[in-house]
Amino acid sequence: MHAPHRESYLSAGIGLRSWLLTTDHKRIALLYFASITFFFSIGGIAATLIRLELITPQGDLGSPDFYNRLFTMHGVIMVWFFLIPSIPTTMGNFVIPLMIGARDLAFPRLNLLSWYLYIAGGLITVTALLLGGVDTGWTFYEPYSTFYATGYVILTIFGIFVAGFSSILTGLNFIVTVHKLRGPGMTWYRLPVFVWSTYATSLILVLATPVLAMTLLMLLAERVLHVGIFSPQLGGDPLLFQHMFWFYSHPAVYIMILPSMGVISEIVPCFARKSLFGYEFVVWCSIAIAAIGFLVWGHHMFVAGQSLYASLAFSFLSYLVAVPSAIKVFNWTATLHEGWIRFDAPMLYAFGFIGLFTIGGLTGLFLAALPIDVHVTDTYFVVAHFHYIMVGGAVMGYFAGLHYWWPKITGRYYPEYWARFAAILAFFGFNLTFFPQFILGYLGMPRRYQSYPPEFQIWHVLSSAGASILAVGYALPLFYLLWSILKGNRAPANPWGATGLEWSTRSPPPPENFPATPTVVRGPYQYDRGKPCMQAGHV
Amino acid sequence: MSEQALGVQYATPGQEREAVTLGMWAFLATEVLFFGALIAAYFNYRMWFGGEFIAAARMTKVVLGTINTGVLLTSSACMAMAVSSYEAGSRRSPVLWLGATALLGVAFVVIKGIEYSLEYREHLVPALNFDLARHGGVAEIFFMFYFCATGFHALHLLIGIGLVTWLAIWIGTGRIDRTGSTTRLIGLYWHFVDIVWIFLFPLIYLAGRNG
Amino acid sequence: MQGFPIWPARAGAYAGTLDFLYICLLVLAFLTAGLVIFLLIFFAAKYRHGSNAMRGGPSVKTWRWEVGWTTASLLIFFGLAVWGASIYLKLYNPPPNALQIFVVGKQWMWKAQHPGGQREINELHVPAGQDVRLVLASQDVIHSFYVPALRIKQDAVPGRYETMWFRADKVGRYHLFCAEYCGTDHAHMGGWLTVMRPRDYGDWLRAAGGQQTLAAQGEQLFRRYGCSGCHEPGGTVRAPQLEGVFGSPVPLSDGSVVIADERYIRDSILNPKAQVAAGYQPVMPTFDGQISEDDLAKLVAYIESIGPNSGRGAR
Amino acid sequence: MSARTIWRCWGALMVLLALTTASAFLPLGTANLFISLGIAVTKALLVLFIFMELRASNALVRVFAAAGFFWLLIMIALTSADYTHRTDQRVPVDEVP
């Protein structure tokens, strides 16, 4: 099946210029892959140092200021330069045009511009963090960030501001692409769930990011000009900053998790050889999550001093947003029923995702209950909860997708046993790292503490031990995936027996994606007693 | 985009036209929330501070503000004329209408500049010379909003003036691709900047005039 | 290392109420997660590729399942929301006649002032079995007053008063933390809450030297800052008399009515023109930036002491 | 879109501008805010539907035109759920009307 002599998007040009000036969505996806891996490593190093510091109750790895800079760096880099762009800009960029039968995204040059904005913003922020860092935490709460914080606050925020434009333009590009570039026969209900969830993500990117941009600009104005907006010392209300910040930053959590849910919805039917249970429910749950996700931000402010009425409303709405997530979990589980289940690495990651996301989601129910939130907010319970969602959920999904589409992207198989080993390692390492943090949180260990009362130590030690396993689990793919680019076995067009359009073109795909525009004749994930029925009528 | 041949990703010019139109509207939705964040903050502070905040609005220049609103609305009508005559196939008339649009835009910016200089003389500019003892801290916060909102609006308008001027030159010299959507898209952008002002005007200039 | 602690200490009955909700949630979470994980493993084993399990039985109507689990989740979630809210409402409404203590957060310490004028730093002594109401202020950034043994937490926001209340039943020493990140020594901003038998508390109060009650100190400040020049009978300027005002409704010049609570008194000192009492001119100068949070607390305590419950202000 | 439509729309906008400015000076209390916002919404709708040709656009474009404003309303509504109730925060709940 493989045909090395035929041209692929990888061989279409080899100079640096052909990469840096490319408008091919597949090459831009690889640019993102490389840069995101870079930022993930920086954030990961910061996380390692944090866990190292917390093994003992005293602060012994540097000063308190150094620790404060560490967790700020970890948060800023991971949130804005890894999690938010991760799946949409890499896998989204690569497979969405392939999945809908398009030649490219609607605005290829805008797509390249998005990458440049992302990398510019990222480098500005990393520069600021390396020059001396910031000690505000990734939330930049007022009035701390205006008049009390030290370090390069302005530069860091400017970097995030620039990267925000990359988010907006990426989202806009996907929205238009999904609406206008679907190939013949590709109706909305024939779209793979990954396309739906990336579309839902794009809506959030377009509608939430500008609010962050304006909020950060006002923060900058206040810090530079010393004129009151949010700062109570100058007459403002610091809670307004929190409202505006979380209006973006809570939906941002759904920016991170929705694409991951999309990846899982691709992988589960493919490796169960069975159509996705409740397809319509799953896709509308994605849209519902994106919409309701905008209505719940106040649950970050239950003890911040917002009014009773706001707290009651936000608690109620927070429970509402949990419903579509729960429905998704039930649908993935039901998909397995009467399947022909295989356990390749992507499926192992997907199993990990479902388990961890379920725990993350269930602990969200604890946090939505007002009095429990009063006790555990700003403690390790919250830290554990959002890491279960963002690392156990979003990052597991990222690795699941990375392995799933790796043969399509590179034309090579990754080494299967190494990959399964890494997936299992990451799962156990993750649980050992973050499960103890739930206990710590309920015990009352506040977050962002460099030193802590000695009775908490045992759980911190377990957590740090887990983190070292997790670090290996995340570092391993870096090595074997790079190795497989050179030495891996060549992969055919459809190595997994999947049904989507992206599997009906060659691996790696030709620059024009499809030799002839495919016509779609059926919905996604159709299997006839375990045999795939391809979506494409002909290729 | 549109001054080139059809992009490879499109099958028909109609598809491209629909795509860029949708893209523009999605971009405008982003812009609504960009200004909207400021407007939401305004409403909350208006509720929170009450009388003092509204009283500060009385120090804005309502006559100049009203004239400026008229200028901007007229410029929008000229822009609509430009798009309409362009799509009718004319070459000279859209250039004239675009020229009128840009001139009115410049007039708006000049009047805005006069307002700013008056406010400077009255010590109403935060960070530069705001007279805290005379006007009070809440008024300073109001004027911070005033300068942020009108400043970002003016920035958008300046970009619009640049685009309109560029467009007039391209149409006039016949370098534009007639099948493209550029004219219509720039029109949409111009009207959007107008809509932002339509909301800023009552919030900034008309607040507190009843007392 | 000290073993594997699972439960935080319980210093009061409220901790038990909250733990009960928490345990119920835990049971629900374990059942749900257990069910999902059991099904994952069960299906994975039974329907693994190459197994001989029966497949393709009579197809189940999808929507029945969907409607079923959607409704079930909705009902359970709404029940939880209502349960949580009902506890929160109690937490929100301080009982009357609680012992009131002012707590000021600043980088990086908690300063407490008892009604008798006793002050302490990073320590808080309270009597067991008595309702205690804390009035929280911050001098710089946002802090958060957190006592895990009581299961309560409240941010101290600069520029306003926040309140919280609790009732500790069990004598002992409990951790007191700052839970909102506040800068360099955030991790060291805290200390101990000491719950004492009421008699011991009385002894402690005496030993801690209540030179003068908070209200008495406030009365001195009331003269030193010149408040009495206008706000007492025979003042040079017509200004509202403050006796009996505390806790009662005050009509404002814009037609609305506020309750003269700590926050109103504080705001009126710092920003007198914002909420002017009806019938008076906005002539009072602002004291913003001229009075520390400590002194503000004393002034508020004084005005509270001449409130309607004091006997002095009874009309 | 004909020149006649455009200039008639312009005329309507000018009339509304005069109305809103004049009404702002009438002592109507908070009603002034709602009148001026109502007129602003009308003006914006005129610009949207006539100048920006939403009249002739398909449903998709209209949805996107509305989305930004709708989300802005969410933001204003839920933040004001906080701000409108801030002052009576410590009034016992059963006494609040």
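Residue numbering begins at 1 within each chain, and the chains themselves are lettered A, B, C and D in the order written.
By definition in this document, a residue touches a chain if its C-beta (ideal position, glycine included) is under 8 Å from a C-beta of that chain, and two chains touch if they have at least 3 such contacts.
Predicted model only: the values in this text are computed from it and were never measured.
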| item | value |
| --- | --- |
| Chain pair, most C-beta pairs within the contact cut-off | A-C |
| Chain at the geometric heart of the assembly (C-alpha centres) | A |
| Whole-Å separation of chain centres (CA-atom averages), chain C against chain D | 38 |
| Chain centre separation (chain A, chain D; CA means) in Å | 36 |
| Distance from chain D to chain B - Cα centre to Cα centre, in angstrom | 17 |
| Chain B: positions in contact with at least two other chains | 22, 26, 29-31, 33, 36-37, 40, 44, 48, 137-138 |
| Junction residues of chain C, two or more chains touched | 89, 92, 271 |
| Multi-chain contact residues (two or more partners), chain A | 179, 207, 211, 235, 237, 239-240, 243, 247, 305, 308 |
| Chain C to chain B touching residues, read off their complex | 254, 271, 273-275, 288 |
| In the complex with chain B, residue positions of chain A that touch it | 97, 102-109, 168, 171-173, 175-176, 179-181, 206-211, 213-215, 217-218, 221, 225-229, 234-237, 240, 243-244, 247, 512 |
| Residues of chain A defined as touching chain C within the complex | 59, 64-65, 68, 135, 137, 141, 143-144, 148-149, 232-233, 235, 237-239, 272-273, 277-278, 281, 303-305, 308, 311-312, 315-316, 319-320, 322-323, 326-327, 329-331, 333-334, 336-343, 351, 354-355, 358-359, 362-363, 365-366, 368-372, 374-375, 377-379, 439, 442-444, 446-459, 461, 529-530 |
| Chain D - residues contacting chain B, complex | 1-3, 6-7, 9-10, 13-14, 17, 20-21, 24-29, 32-33, 36-37, 39-40, 43-44, 47-48, 50-52, 57, 60-61, 64-65, 67-69, 71-72, 75-76, 79-80, 82-84, 86 |
| Touching residues (chain side chain C, partner chain A) in the complex | 1-8, 18, 21-22, 25, 28-29, 32-33, 36-37, 39-40, 43-44, 47-50, 53-57, 62, 65-66, 69-70, 73-74, 77-78, 80-81, 83-85, 87-89, 91-92, 107, 140-142, 144, 146, 148-149, 151-155, 157-160, 162, 175, 177-188, 271 |
